[in-house]
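Following this line, the structures themselves.
Note that chain A is present in both complexes that follow, paired respectively with chain B and with chain C.
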Partner chain A sequence: MSEQTPTDLQLEFQINGRNMKRRAQPHQRLLDFIRDDLALTGAKEGCGAGECGTCSVFVDGKLVKSCLMPVAKANGTKIETIEGLAGWGGDLTPVQKAFHKTGASQCGYCIPGMVMAATSALRENPKADIEEIKERLGGNICRCTGYTKIFEAVEMARDVLSGEANAAVLEADGAGKSYIGNNVRRLDAPSKVAGRLRYAGDMVMPGMLHMQVLRSPHAHALIKSIDTSEAENLPGVACVITADDVPGEDGFGVFVHDQPIMARGRVRYVGEAIAAVTADDMLTAVRAASLIKVEYEPIAAVFDSEEAMQNGAPVVHDYAPDNIVKHIPIRKGDVEQGFADADLVVEQSYDTQAVEHAYLEPEAGIAYVDHDDVVTVVSPSQNITHHRHMLAKIIDRPINKVRFIMSPVGGGFGGKEDMIYQGMLALSAMKTGAPVRLVYTREESIISTAKRHPARITYKMGLKQDGRITAVSFRMISDGGAYGLSTEGVMRKAAILACGPYNIPNVQIDTYGVYTNNTPSGAFRTFGAMQSQFATESHMDICAEKLGLDPFEFRRINMMQNGAVTHTQQQLGSVSIGRVLEAAEKASRWETGPVSMRGQERADLGGDDTRPPCTLGARFRKPGDDDRQEVA
Partner chain B sequence: MLTCDQYHMPTSLADALVLWQDAPEGTQLVAGATDILPWAREGRAGDVHLPAMIDLSRVPELDGYTLDDGRIRLGANVVYQQFLTDEKLRALLPCMPYCSVWFADDQIREQATLAGNIVNASPAADGTPPMLALNGELEIARLENDDIARRNIAIDDFIKGPGTTDLKPGEIVTAVICDTLEGYGGSFQKVGQRRSLVISSVCAVACIKLDEATGKVADIRLALGGISPVPLRLTKTEQLLTGKRLTREMIVEAARQPADLVASRTRREYRRVVVRGFVEAAIEDALADCGAAVPDAETRETADV
Partner chain C sequence: MMGRKMRGRGMAASWYGIARTATIDRAGAWAELDDGGTGKIVTGVTEIGEGILTLLAQVAAEEMGIKPEDITIGDNDTARSPEAAHAGATRQTYMIGNSVALACRDARAKLDKELAEHWDVEADSIEAFDGEIWSKGSNLKMSMEEAVDICKKRGVVPVGSGSFTAHGTGLDPVDGSGSPWQAYVFGTQVAEVEVDTVTGEVQVLGIWAAHDVGRAINPRGVEGQIEGGVVQGLGQALMEDYQLEDGHTKTHGFAKYILPTSLDIPEINTVIVEDPDPKSPLGAKGIGEPALVPTAPAIMNAIYDAVGVRITSLPATPEKVLAALQAKAAAGQLEAAE
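So, the complex of A and B:
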């Protein structure tokens, strides 16, 4: 990198109605400038690559993605951010109120950008119809809502602004006698729709330092040496930490504490933290991290969970020579007899893939040691009490000297249960005596944090001609990746829910969580149930077809009834599967009969309650056009 | 992370050319700058430090458009959103609204320029196939003894391969010049992994004009992107259809040919299937766009993808 001194930019601009004159660094993006220099943190950084829209702001009346705009381009312009929409201290705009009313904000992290995009859509075309609204919001991603409530809000705001609807629709509905069944507005929504809520990455403290993590390019390697001297000598660097700096018992995880806060002598997956630099500013931290020299000795790695279970496979953790994180076996009845009694046995395997949670808020946190020597970590942790106990051991402090504060979670979905970076933050705050902040990039979030367990499920089902299930054998092998995290719990849940809500006399279930050198798997919405339900319900459909039965009918023959006992010997007072099937059958306009009987003409598709496929070109569609420009 | 020592915003073409001619090695020209920031990130170029960036967006000579005898000169600062919002451009370049609406999203379209998209020379560029179909050329300026000298080059000759062009040191692309096709029907097909903000796996463009008296094809323009190192104009297919009254069989046959042109490094079979469906759909959508009947639309063969 060049040693030349950058030439600062002199900027004059108007922001939210206020004229300003500021200096900026030549490389700064508009997003950095408004967040870091102007402390307007309503615009967020979700991806840094123009993909998510959380950073949307108006520049000279046009909505732009501020993560893609060099700040120099804003010179001489009028900038409007979410903070300026309603004016300082002003009432919320109709768009913001509509987002509040419809419950469009959940985690809230995408919401400032969504509100900006909605505002832009209605400014550009106050009469935009739903298709055009969708199209104009196409550059903004939300992970929580499924968009429906957001679109409802934009339509509501449009109607209020045009006078077609009374502004009273934006106000709270009366709760009546009960909140249940009534539309109740979220208490925290105003702060989200106004961009006022501060997530961990929005927080600043006086004297705050910035952290950059160095990560492994290898999936499995021994660390021969780490030389941090050059990084430490770079002006502006406060400290560099590695596993050697951990004072206590290093290890975290939801069940087994097998993961050090930074790789200890050995890396087990690409993206694992090796060292962390803390410096005066982000740029210095990034430069220093690139000066750390690590000598690796790559060793044999294993990337397939079934291969990892074979004798002689590379061992990921010495304590588990068979690479098994957890095996959950469940037995009920006599499976061999059940298959012998069957008229038909259907066997099939099902694969599911790793999935990233993709919360809009990348991991972030800030740590400091307070006046009473309490090591404090503020982060969007979904498991702060457990984190607190683990961290106390890792940094060798009594529990009353460790505090975790949960910041607003900009989407978690299970992905923020792991104490993946809080240890590095705490340690650096202890070493420097200053507040230290770490904000992941989207790339870091994807490469280094847990994913949904990929699973390979072998399903065998014994059936009588009349549709009764006589036996099930269910074997699931899950890729737990390099560390244990929540694998044990996920395997347990998958096993408990393996056969679905069906009454099966003979059951054999085995779920295995296996270590490999892939990115660790962890908690993810449904916690293992998705994988087993995907297999179970797919298998039910296949078996119904083979028996020539209607798939609803086949399920009704086998479903549990009130008072049923599950294969884990839990008695169920009430069972709702019957009502679920009834509702699903009705809502899907199911045409009764086995699937093989269905003709080419299906009456169940495209009803009034279904939305047509997404189209583009709504704003220049001519009268009478059909939706020709379909998504291929 | 992208860093630089200098960020210049020249306010005349002459200033821009001087800065560019004297720029230290590694200096980058930018217009919308929507490509360079995502490029300088982990997984792509990583951390990049540039001695300087020269931003052309405030050079007035690159703004706006002018018409001349069936051709249009689109200044290099014309952004994608203009093809959607400018009624006149929409009428003159009937395929461009469809191309534009598939390009990135509303916000990026406010920044990203057609010229920048072409100069990047990505095999998947959305803007290049339409410009090939419209006989596009680039106007390029350079300094010669302190005077501004210009040359024009066909886009076909300008793009040499992925990321490689005929642009010489000191040169700046100042305009895109292409045919205007008022009264034609236009269409654009694109497939990628998401509706907005997606890079094309394959894209196809069509412009079509029927003879009012005979209903035969008076002129047809077809081009494909994403299927080979450089985007392709489908001249053979155009010749096959020109002067004909289109039937279902003819469209299906015409769509069959270009599949053989697929020369991508990856997913070739998939792209061949898509190309067939896209050429068919592009022709049909262009016919519909100019108000013509689509032959046997209900029996349209849907590509099995």
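So, the complex of A and C:
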């Protein structure tokens, strides 16, 4: 594919101040060209659809999403990338320094694009106020920071650039008397704000091959046959692997190893890996994957967790004929007696949805077999220790012949705890003897990787008229999807924390993780606790209203104290719930009153510590001018 | 009477356990006081964005008596570094932070012993900070660079190792009894919202987030974790929804799967509460996950305060809020008619 074809483009352009004359292929986007051909990997591909802004660059001074621009259009332009803002070895710009100072970079993957957008905002309007800054950053997604430190950084840079603030504000705070409790600036921030940090998808190795995965279009089907011969015969293809190529004991998962690295005789969800092609370049790999012939026999599927628990429902895994991955029970006291003793019993059900982690860095990795015959996988894995154990078994190698290197993680939130693709990479590297790289597209990442468990919760709480809780019965059914992954642990944490930091003498908690033919659910920041406590804290307000109590007061009546015994009968030491209740109440200037629809009567609304509501498009103003300004 | 734009406030409390659940958790680290008075830390886990590398450098600097920027961290490699297990479960500060502290103390003890003999003082009189080392109550003082040089010339490389354990116990399979964590954190958030009763759109204008994190090693980093958690909670509360139809996703890109962007962000007011952990050298606990827990219920409680509708099914999309408002109005008319 690398030889010149009649359709090759001849491009002349300037990039980061340097004039260049290069050949490019017509299918390339500007992003591909600057990353793959020019090795400028500061601009990232977060979505490939112009929605996330990680690929932002300047073209003739205008902020452009380079994933949307065909490279042909770059001919004759002046391009500026994140690498060109400061230059190698050069001092960081005030915008970059401000991002460093305020802690505006966390995982850093969105940050090059965010720095470009911020730079653009201040170039377009050096006096932009915070509302305009927010609107001008509206095309860039950050999943880690909550944007707050980014806003602070852009305002700080604006003030330094305009001379309103001294440049010294960008520098480090002093040592003081201790480095504990000190706002030491992030040591990894300069590499992130300058676009220098290389994530797995930015890495290249000599002789590196590229992988494309073939995925299931069926939610539940038997695989009758897989014919890879045509794909294998395509020039440029190095190998095609399927489950048959696994030399050891196939299966991974955080608690139960029920997932093969590629479907084995049966697919259980749409997007499950079937086969993987490794080729000289991506185009060949993609073309070869389309030549693999898979014969499926669709079988009955189940998409609802409660239906999956019924007798006669389609069985997702033979080892679990009831489709239950894990049931966690917690019992304390006598819950029936507790309800009998109550003056009031309140029942309600709650639902939470499946949620995508949406880390800006899609899954990526490189595997190779080193000179000492060590199978090495470089990937943004959140659990290299466990992955090493599992992979050693899967490829049947001693554990010291398997090496995992954790590349910088462009956002994880639990979603990179699963060894979902590293097995395919390792196997292909072993088969080809060459380094193999795999980079997911955003669509692949969304359809094939774990989500937050959706949950259906039924809640019953018994109360005395004075506000004391006498009993809780809590039942949560969670859709675990097609494979176990972290479901067992998620059910456990959801159950332990379900009833909140309250003293409840009689408790009955049941959480169930259930197999279905949906996208698997897995680890996601809070590991089930968000779902169960959403129900508890909503229920607390419903009950407070019925009792005519202020929500803080109601929680204080029931909160655990130092030395409390939890729902799992653990005795605690110091318990800080009283302190955090008081701190939030005080900080928010909370106006005490019983729960009801009293918003319009409150005097604590709209303080300086809130933002004004937003009306789209209302914020663009030219300096010194009240007219709205169109912005490209 | 309801106007078009209605405001309200709600709150929610929460709790969370630190490190792995219902099991013994462990992490290891190696440390070396290196030439030039610098420090080297090796441990098996790396940054996922939370700021752990900076935090470990702060801990190592404090324990070794040097500057954070003089710490080099060798991390992230199963073949080159000791096990630190995984980057999750709000365990990095607690598990790796403490193992690094222990490793540095071990290294410093070796240096201090040599220096004590060199100075002819008691080893426990030796203190160090920010690149200088001295013997308390004397005028003996030198740079860490010199101290490391002396130690090595006496034939000792000041290296140390640390392993930190958190003692959780499994749950009883029948009644669930057990001690899943040795450290717990608590949090409370207040949300202020504006509900557009014509479109059903909810905007969150303010969040007040008070969280116990144990000892805060890097307060700005703690704020960053809370702000990020709040915004993920806001996304789940109002807009994010991974949808499937017969197993096929309908939300396969960011045009369909809606995430919070800069215009959705409330003013986030963080209050850090420090209730130090008595069972670990650092006294720190953690904040990565717990920051997200109370946000969605606080927002739902605020919507109720604003317009009197209770959303029990996440997310509270404009369509869902509008339907609830219409149902409430219809019920009100029915009541009036009766």
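By definition in this document, the second predicted complex is superposed on the first by the 602 of 632 C-alpha atoms of A that agree within 3 Å, B and C clash if a C-alpha of one lies under 4 Å from a C-alpha of the other, contacts with A are read in each partner's own complex, and residues count from 1 in each chain.
Following the convention adopted for this analysis, contacts are C-beta pairs under 8 Å (C-beta built on N, C-alpha and C of every residue); 3 or more make two chains touch, one makes a residue touch a chain.
Note that the coordinates shown come from a computational prediction; the quantities given were computed from them, not determined experimentally.
Engineer: State whether A:Gly489 touches chain B only (first), chain C only (second), both chains, or neither.
Structural biologist: So A:Gly489 only meets chain C here.
Engineer: Quick check on the superposed pair: does A:Leu9 touch chain B, chain C, both, or neither? Answer first, second, both or neither.
Structural biologist: Once the two structures are laid over each other on A, A:Leu9 reaches chain B alone.
Engineer: Touching A:Glu135 in the superposition: chain B (first), chain C (second), both, neither?
Structural biologist: Touch status of A:Glu135: both partners.
Engineer: With the two complexes superposed on chain A, say which partner A:Glu443 touches: chain B (first), chain C (second), both, or neither.
Structural biologist: So A:Glu443 meets both chain B and chain C here.
Engineer: What is the contact status of A:Glu155 with respect to chain B (first) and chain C (second): first, second, both, or neither?
Structural biologist: In the superposition, A:Glu155 touches no partner, neither chain B nor chain C.
Engineer: Pick one for A:Lys62: touches chain B only (first), chain C only (second), both, or neither.
Structural biologist: Only chain B; A:Lys62 stays clear of chain C.
Engineer: Check the residue A:Asp245 against both partner chains and state whether it touches chain B (first), chain C (second), both, or neither.
Structural biologist: neither
Engineer: Could you say whether A:Asp541 touches chain B, chain C, both of them, or neither, answering first, second, both or neither?
Structural biologist: A:Asp541: touches chain C, not chain B.
Engineer: Let me test your reading of the model: by the given contact rule, A:Ala49 touches which partner, first (chain B), second (chain C), both or neither?
Structural biologist: both
Engineer: Residues of chain A touched: more by chain B or chain C?
Structural biologist: For chain A, the partner with the higher number of touched residues is C.
Engineer: Quick check on the output: what are the common chain A residues between the chain B footprint and the chain C footprint?
Structural biologist: Shared contact residues on chain A: 49, 51, 135, 138-139, 443, 447, 614, 616.
Engineer: Which of the residues in chain B come into contact with chain A in the complex?
Structural biologist: 1-7, 9, 30, 33-34, 37-38, 41-43, 47, 49, 51, 53, 55, 57, 84, 90, 97-98, 101-102, 104-108, 110-111, 187, 189-191, 195-197, 274, 277-278, 281, 284-285, 288, 305
Engineer: Could you please specify the touching residues of chain A with respect to chain B in the complex?
Structural biologist: 1-2, 4-7, 9, 26-27, 29, 48-51, 53, 56, 62-65, 67-70, 72-73, 75, 117, 120, 135-136, 138-139, 283, 286, 290, 441, 443-444, 447, 614, 616-617, 619-620, 625, 628-629, 631-632
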